[in-house]
Amino acid sequence: MFNVDLDWKGPGIKVLMGESGVGKSTLLKSLGGVWKPQSGKLIFGEERLWLRGRFNQNPKLLARMGFCFQNNALFNSMTCLENLCFPHRQRFAEVAEGKRLNLAMEWLEKVGLGHTRDLLPHELSGGMQKRLSLARTLILQPDYLFFDDPTAGLDPITSRQIAKLLISLLDNHPALSVIVTNDQDRAKEWSHEIYELENGGLHLKSSEANS
Amino acid sequence: MIAAQQFQFLTQIVKRMPLLWRERREFQLQFADVAIRSLSTTITAGIFTGAVLALQFHLQLKDFGAESVLGGLNTSGTIREVGPILIAFMLAGKVGAYTSAELGSMKVTDQIQAVRCLGIDPITFFVLPRFCAVALTAVLLLVFGLVISVLGGMVAVWGIADIHPDQYLLTISRFASNTSLILATTKSVVFGILMGLICCYNGYQTEGGTFGVGESVRKTAVQSMVAIVIADFAITSILETVFRWLGWS
Amino acid sequence: MIRFKDVKKSFGTKEVLRGMSVEIKTGEVFFVLGCSGTGKSVMLKHLVGLLEPDSGEIWVDDDEISRFTEAQFENIRKKCGLVFQLPALVDSRNLYENLTLGIRQMPFAQQQIVIPKALQDVGMEKIFPEIFDRYPPSLSYGEQKRLALARTLLPDPEILLYDEPTTGLDNKNALLIHDLIKSISKHRNKTSIVVSHDMRNALATADRLAVVDAGRVIDLGTPDEIMASKVELTRSFLEDLRE
Amino acid sequence: MFHKIINPLFENFNILFRSLSVLAKFQTSAKDIWKQCYEFGNRTFGIVALCVTFMGVILITEYSFHMKLVIGNDSMIPAFAMIMLARELAPIVTALLITSKMGASIAAELAAMKNSEQIDAYRLLGLNIVDLYVAPRLIASVFANVCLTVVALAITVIGAWASAVYFLNFSTGPFFHSLVVFLSPFDFILMVTKSASFAIVIPIISAYCGLEAKHGAEGVGEATTNAVVGNSITIIIIDFIITFLFSKFY
């Protein structure tokens, strides 16, 4: 569909914009290890994401990455608390269960969902589901973070709350984050490095500090 | 009870039946689509139902040395009772489930409400042609499936018990009296109408987004099967008493 | 002229409209803004009889429609055209059949005159020659939404209702839709009620705006009044525009 | 065209072997399996019992009609009906009902999960949805299917006895006598093997259809329909194969 080469350094937030349907999500999902690109290499630090011959991703690298999906992809059969504990249990099996529960509760409080401990995802509003999805991505403390249009489908007030929450969460967590959006107002709030994806190529749109 | 709501839905559809002439193009489109789509299923269902039943009858009759009558017994046995039910079960999935999924996704993407706001009655526009197409196709396919099942039985018996087809066919005329034919056709007609009604009803009542569509397909499949079994029992007992009253064998 | 008088509606235990009262003058472009789930779309659906209010009155010109039967809604639906959030086109029918859903009684010749005009209004006149052999899935999402708008325009309703016309569209298409809303309302003198949460375009397009929260109108006025409004919720809505 | 048949076949076997390997390694928690057994068994019991009983009664009336023509005396009618029911109809009817109730909901749920990208989320955690979702349901399906068939048959015997005594003026003695004489353990084995093999097929094909679903409401509807149809056809074909094999050395 398109060939893209990019070289992003160090912790910081990169925003990826472009018209709907041009393939922003596809690019993000290739970076995040969800889909295997037909050709080309994806190198993080010095490790390759897709190992030759092996169908699945490089597990060591995958363990250091976090992906927040556009429709939140919350596990609908698990309670909010379990939605945080389950991924943590997969990645950090050695951590004691009690410690994990406290950490999960702490993260629920951090995103303002302290009261939803035993609710199921479909019982939450759109904004609350997005907060849970953010908490689930960040509880794993990944080094590389990918957000697929986090403010899509939300009304202006909720989307601004989510944007502020995202900034505060990313401030005290140094990681390379890529955020896909087509919402001008939020893009400027997140980062000054905004890339525009047109069919065929990716180019830097504006990199001066946000006004 | 669900049956009452569905019957009420049926009366609404029947009330609009005269309007079918205006929607005939959609009816023809649906009829062709359903028929072509379900032909392969009917053939498969027919052949294997006939073959399996023939095998069973053969195994049972072997001890009695009643091999010779196997052809007639199997044919009339398949056509009267078990054949229509099994083939109808298969068709309930292919014919009914698809239409209820289609109507369900139309409801979920607001097409039904949009048409209603444009001053067109959605039941006449969407449901009526589909109901008639599904009911008519189901009846034809059921009858066709029964014919295929007789052939399937013949081939199976020829392959396993090496009873020659023409000897098989000879005994059919002796057993397959007209009562069997009447039973088979009435069942096909009733099953066809039931399938059409249940799939349109569930499709039209879908709620709850994408998962709701899956739910309505599941309801259609289950309700169709239960309705088919109960209807079969009713038809058999009613027609039995009628035949006995008329004195036919 | 449309008037809601203390309309209440709840789905089971969830109260959606809690005494909605608002008045919309004829020929005006009226925007209804608010967070999602506060009953904006529900309000529109009451006007075309898709929903019936629990209590209160709804006036369309001089008919009180809250207790109308399905038959009585027949001519109300001719007067009010509703454009849904999803394009809601019938995928199995070609574009011509989709467009003429509202005008099936109209003779073919007259349809051939009216359709190009409606397509012109939504800026899609170039597909007119192909409307017999193209099907909705062949259009882009933005084009499908504009075609749905043309379909609602064809029966020439006096009042146009838009249910979140810009959700799911990127900025370019959203702007385009808003221009269409304004031009259609002005040229064809139609009252337009638009439910949306796209604040930027709303202020640019609307004659008057209402801000809705928890099923009630909490702020009302022209774009300038809204910009200067003291109401807390309106101010937070406007925060983006201030930067 | 060739590719269209082989690819699904390969995918289905892939799901089957993956689920079996997970079960073989006891990685699935007993709680999960028990919960699914409850789902599979409990929710479909009423309908299965109803349908199989009706089938039984229908078969009794059917056989009495034919036996009079062929052999004259009708003492063996209940036995023959029960044999036919046990070998053929009870397993098929139970399997078809479980297909439409549980098979369809597996396909619908997986298709909905695919729509909301949950399956990608599991993959990024290094987990495969088949291990988590399909494996417990496979065991539950086999367990529930066999139990349901047996229980349904038991209920049908009572139903048949009632209809034989009241409608067809049988007396209880000969009814059960003929049952004991003709019903051999062989019929029972045939029934259990059939319902077990049907039960293996149902969750696998439903999961395959669910995972192959396209996007949106149509995708979910289509996946559920394919699951119901795919299962029904496979069940009747497997039934023929098993009957054919058993008839060889009966």
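All chains are identified by letter, namely A, B, C and D, in their written order; residue positions are counted from 1 within each chain.
Heads up, the rule we're going with is that a residue touches a chain if its C-beta (ideal position, glycine included) is under 8 Å from a C-beta of that chain, and two chains touch if they have at least 3 such contacts.
On a predicted model such as this, the values are computed, not experimentally measured, just so you know.
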Greatest centre-to-centre gap (Cα means) from chain B is with chain A
Taking each chain's centre as the mean of its CA atoms, how far is chain C from chain D in angstrom?
50
At what distance in angstrom does the C-alpha mean of chain C lie from that of chain A?
35
Chain B-chain D separation of Cα centroids, rounded to whole Å
20
What are the residues of chain D that contact at least two other chains?
115
Residue numbers of chain C (touch at least two other chains)
none
For chain A, residue numbers touching 2 or more other chains are none
Draw the chains as dots and join the ones that touch; what shape do you get: line, ring, star, complete or other?
ring
Chain A to chain D touching residues, read off their complex
29, 32-34, 56, 59, 62-63, 65, 67, 69-76, 87, 90-91
Residues on chain A engaged by chain C in the complex (per definition of touch)
19-21, 125-126, 153-158, 160, 182, 184-185, 188, 211
Parts of chain D lying in touch with chain A, wherever the complex brings them together:
113, 115-118, 120-121, 123-127
Taking the complex as given, what residues does chain D use to touch chain B?
47, 50-51, 54-55, 57-59, 61-62, 65-66, 69-71, 80, 83-84, 87-89, 92-93, 96-97, 99-101, 104-105, 107-109, 111-112, 115, 216-225, 228-229, 231-233, 236-237, 239-240, 243-244, 247, 250
Listed in rising order, chain B residues that touch chain D in their complex are 41, 44-45, 48-49, 51-53, 55-56, 58-60, 64, 66, 69, 73, 76-77, 80-82, 85-86, 89-90, 92-94, 97-98, 100-102, 104-105, 108-109, 160, 175, 209-211, 213-218, 221-222, 224-226, 229-230, 232-233, 236-237, 240, 249
